[in-house]
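Shared chain: subunit A. Partners: subunit B in the first complex, subunit C in the second.
== the complex of A and B ==
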């Protein structure tokens, strides 16, 4: 921290925290359709304060280690050939390495009812979503950095009434130490469209690096989206992610997020019901070990009547790992007949592990059902004994019960091969 | 009848839970080929005995010894006891949401098989095997796809315990109230499962409150437990006598 007192904002537009300074050194100025967006965001980034422990939403997650680092941008894609996580069910796919699209590994779709393509300020179509519409630069420093350093985004656009025949796979790989990447995914489902999207982030390096992935999801009336987000940022990875969705009338959104083993993984997940009769399901699993931190801040805004939301967030903390969950639900004035249910359950596998879980309800309508619950516990001794009494060694029994705990979320991963892969990778002993 | 090899020998067992002594000098000997029944008032320590024998970590043994085929049972971890051939059918089987019954049963089967040098089965082979056993117990194969005991009715849980016993083929089976909560058909099926296990080389310890199970699985000995001790041992007729007279005449004698 700069040592300033109170909420005073550094009053110079040249202020930028050290960790991000290399990002703007020698940055070429490109005059394209997104130049204005980038420039405004750059100004916002220079004016924004570093999120720190004095802000409520960062109270439990210490960014000190991130601020002590320095992260540069990778201006040309690395030549290394990386293993891409395959998804046999997937149809179209975009693969990015260190923020750069790798055409040889991608299978875009252009024209027709489904478009899956990279988009930049140089080749954006007039009807394409404008980056920053749902996660604007004004949000905070990291959101501003993402837009200021915006290069190529991934676009998924499904036209009115069309259904994507197979899951769309968006893969982001990270291979270079001490670099920063700012992926952006923009999804637009026109009324009545439907699609399943799997977004994966995998570090192929254990070294320190920074990733700020931003995803914007627009669902028109009656649109249906299944969005699965996997984060494996590696032992040195800092991931500060945002995902914002807005739902039209009677739209349906199912989000499943799974994160494991990043040094620091933060997800700000926002959903806004903008039309009546819509439905959302949020399932999350965060797993930490060692000194890892996983922080999920979700914010559901019931801005229209008759909408239903269901949320289940599960955390598994081993070692000296730390998990944070803050689940805000806001029911706005007039959002009658809202039905919102939120559950957070955390499993502590070690006495040094720690969890801070908190629901946060703001209700301004009177005819509302809003249920929430948070539990923090350890493995159940009676279950453990039952398994051991059937011959399972204690460590295996513990792993099996940890698996069982996570299974409730993993079973909701909508793509079978991904579900099996995650079970295999996250849980050493998966019963066959 | 000629007594077989001594499988389980309990001598002067004292055990406590949460600082409260429950077992207060218990003696019991099970030989190969025998079926024993333990009856006794609620709270007399029957389940405590079962769990101490199976190695539940919440119980502390303060005195006494237990030999299982000549080896010190109390020195073994619960999983090791199971692999050596000890089986506990729980009075209250535990629900484990998130673990499918099929994977659990196969994991248990293969672990115990590996422990005794037997052949392990892959998922397909095991599926055939377990379905065969389920047929004998008139269990719907649908229970394989459900999670371990989750949402099972009381009787279904008990049947699942007997299924596990049938799969693991133990040397000593301790069945804690295998008959409680069963309807008439289920009682017949569970009894059939126990009788099918019964052989010259193994022994069964039935904890029960009622004579009706013992009509189907006729015991060689009936023990009465009270306040953490066996206070009377007799032939099968003792169970009939308990049914008509209750425990007062015995516990009164013990107190005297």
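== the complex of A and C ==
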């Protein structure tokens, strides 16, 4: 089987966009439990269309710069020692560098109520989640590439009724220019389980690189998950991320995403209520400067009655930065007593900054409470005047108001040390 | 719906007692350059207008029908439509007694004045009401003020320089698929010109323009208000309008120069198909106003209750400094109706302001979508927008969607959008019932309250009729 796949490949490469072509060159074919998943995804990647501005969901996100690049895969872990962002509160931790697990820096947990471990096709347990269940290769080119190039994923599995005692820390570092990485995180909370997970992506290079992180979250009945996702992709980084969650009856999910820097940072965030009485909180902060683009697409599907969702998304755009927010809420037929509220607030700090916001409501049930609000504006002159009248210099006053704007999201980051670190890093040098 | 079924609908006869006389002067089906030359020739149009049509047609050939709207219908065969028929004389009825009783009942419940009823139902007006004198009086008053208000064909003949100057300036022929089609084949419509400094002495209503009531399925309207002019224009009426043409693709262009104001109100109640979603009109309209001058204002108010499918986005291009755009809309869908409607506010000039108030009501198994865009260009310093889009759902099988697009390229802009959904629930009806108000009246009151922000923008008699109209359309939907 290995050989025949190897021979067929060159003919199909022609269909793949140029930027992704090196990804399959010289790729060793491993015959393991995930070989079928990878092969199907590879075919789908070759068949998928290149996302472009003609498609509604990519209209505002220019992928031209990405398509002009070429990205290679790193087959052996780099030797360089990198600084790992520390989280004193965290218990178990997995650290990946350029897609490869670094065992020396990781503190996995195996057996018992909580499992935090790397998983690959070669060592997957029969009960482990199947990659691609929630973010399948059929979704689009990038999701297909992630599955097709899937090697080692990070797995967090909390057994029925168990609670993780401390936050689980998943760290992904990127150190090599012009390379592509395809991290995947799989989280399964059995009924009644609870856990807090912090997933961080940090570039240690300012050069162009591509990263397609995919996270799949499964919450059983009554499970509780706090999921924090931090993206610091560096000046040259392209990040096209996916996060998909499905919630059982009365489950509770709190998501907090924070992204800053990055040539292009995109997050496709999906949540589906599969059982009644569940609750979701989504908080997001995206900050751009220079010619950066931050694009958040969220889709909340109320597929069951009596569920409640709250979403707050904030964007800060400076320089010639551009932010895109597309937040859909869909209430399906029969999802009565839904209570959904969404707020999108964008702050423009410079005349060249740009915002595209598109909140969407699609409602197919009548006994529901749904609302969304979107605002775009600049710092309030009156507020600036108030602060200046009290002796604050204009730049400081602007910084303070920007801080206050962003702090509404940052203060919801559930881990104290991370919250302080983000406040320090993101808000210290707010440009005027 | 199969194509065959659709075709039979395109040619559906009047269902409510009207008989359409077969015209001898109907062009064969299909669209070609020859057909356009024929239309232009029949209307004795100048060369530049023929060229305008041909350019539009050639561009149309390169376009595909838009797919993005949240509506579903079978593909339309554009070669299976007859693009020209001589202005039809409506069958004249001798008296009101000959009018379909169902239609008469509707008129009465809407409170349409007697002479309007007669005119709308096609009764020879001189039999019961001397509306000719009404028409004459208003024509005299308009002429005195210097206002030009006539059919589009008449304008092409009498005021070609004005038509040529403004036609296609707001909605260029290449704007979109249906605008291109309209530019190629439009047969008639309305033209209105308010000269500098004139405040139009009366509300202009297409109803008065009896001679061109059958303006066909590709209607073209052009309204120009010169500096400091004001006009309020009413389109359509609350009475149900049946039509043999299934596809309607109209274009409306408004131009407001310095300090001019145009108020455009529409009440649309075209045939929506029966309870099972069979038949009904496809209303694919391009309406756009250009606030060209400083301090100009364009205000759209619409009450959309008819048509099987509505695809309509009255928009404002705010080019002049401090110009103002407004959009007030009530869209009601029932049974199998589909509406994808909203507005675009394009802020290009400094300190431009816009307001969007949209109320969507869906009942039955209908689908009601608000789709709007607020765009602030890089030079629109100090632009402001406020949007509010509320939906009301009646019954568990309908749907309401909201798709606002906000695109801001200027940091000094302030854009706010709010949307909410609500319903007429048993609790509210119980509340009314316990105070002795019956279900029908309660619904009417709730709907009226829900739509109040829009109804207050309508001219008085329209507002009264519109309230009754919504109640009528929703009959039997609740309880």
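Throughout what follows, the second predicted complex is superposed on the first by the 414 of 432 C-alpha atoms of A that agree within 3 Å, B and C clash if a C-alpha of one lies under 4 Å from a C-alpha of the other, contacts with A are read in each partner's own complex, and residues count from 1 in each chain.
Just so it is clear, a residue touches a chain if its C-beta (ideal position, glycine included) is under 8 Å from a C-beta of that chain, and two chains touch if they have at least 3 such contacts.
It should be emphasised that the depicted structure is a prediction, and the values quoted were computed from it without experimental measurement.
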Once the shared chain is lined up, is A:333 touching subunit B (first), subunit C (second), both, or neither of them? second
After the superposition on A, what does A:374 contact: first (subunit B), second (subunit C), both or neither? second
Touch check for A:56: first (subunit B), second (subunit C), both, or neither? second
Which superposed partner A:403 touches (first subunit B, second subunit C, both, neither): first
Subunit B or subunit C: which reaches more residues on subunit A? C
Could you say whether A:362 touches subunit B, subunit C, both of them, or neither, answering first, second, both or neither? second
Quick check for you: in the superposed arrangement, does A:351 touch first (subunit B), second (subunit C), both or neither? second
Subunit A positions touched by subunit B in one structure and by subunit C in the second: none
Along subunit A, where are the residues that touch subunit B in the complex? 380-383, 385-394, 396-397, 400-401, 403-408, 431-432
Across the complex, what residues on subunit C touch subunit A? 68, 378, 391, 393-423, 425
Please output the residues of subunit B touching subunit A within their complex, sorted ascending. 54-58, 77-79, 81-83, 88, 90, 93-94, 96-100, 103-104, 106-108, 111-112, 115, 122-123, 147, 164, 168
Subunit A - residues contacting subunit C, complex: 56, 60, 333-334, 336, 346, 348-378
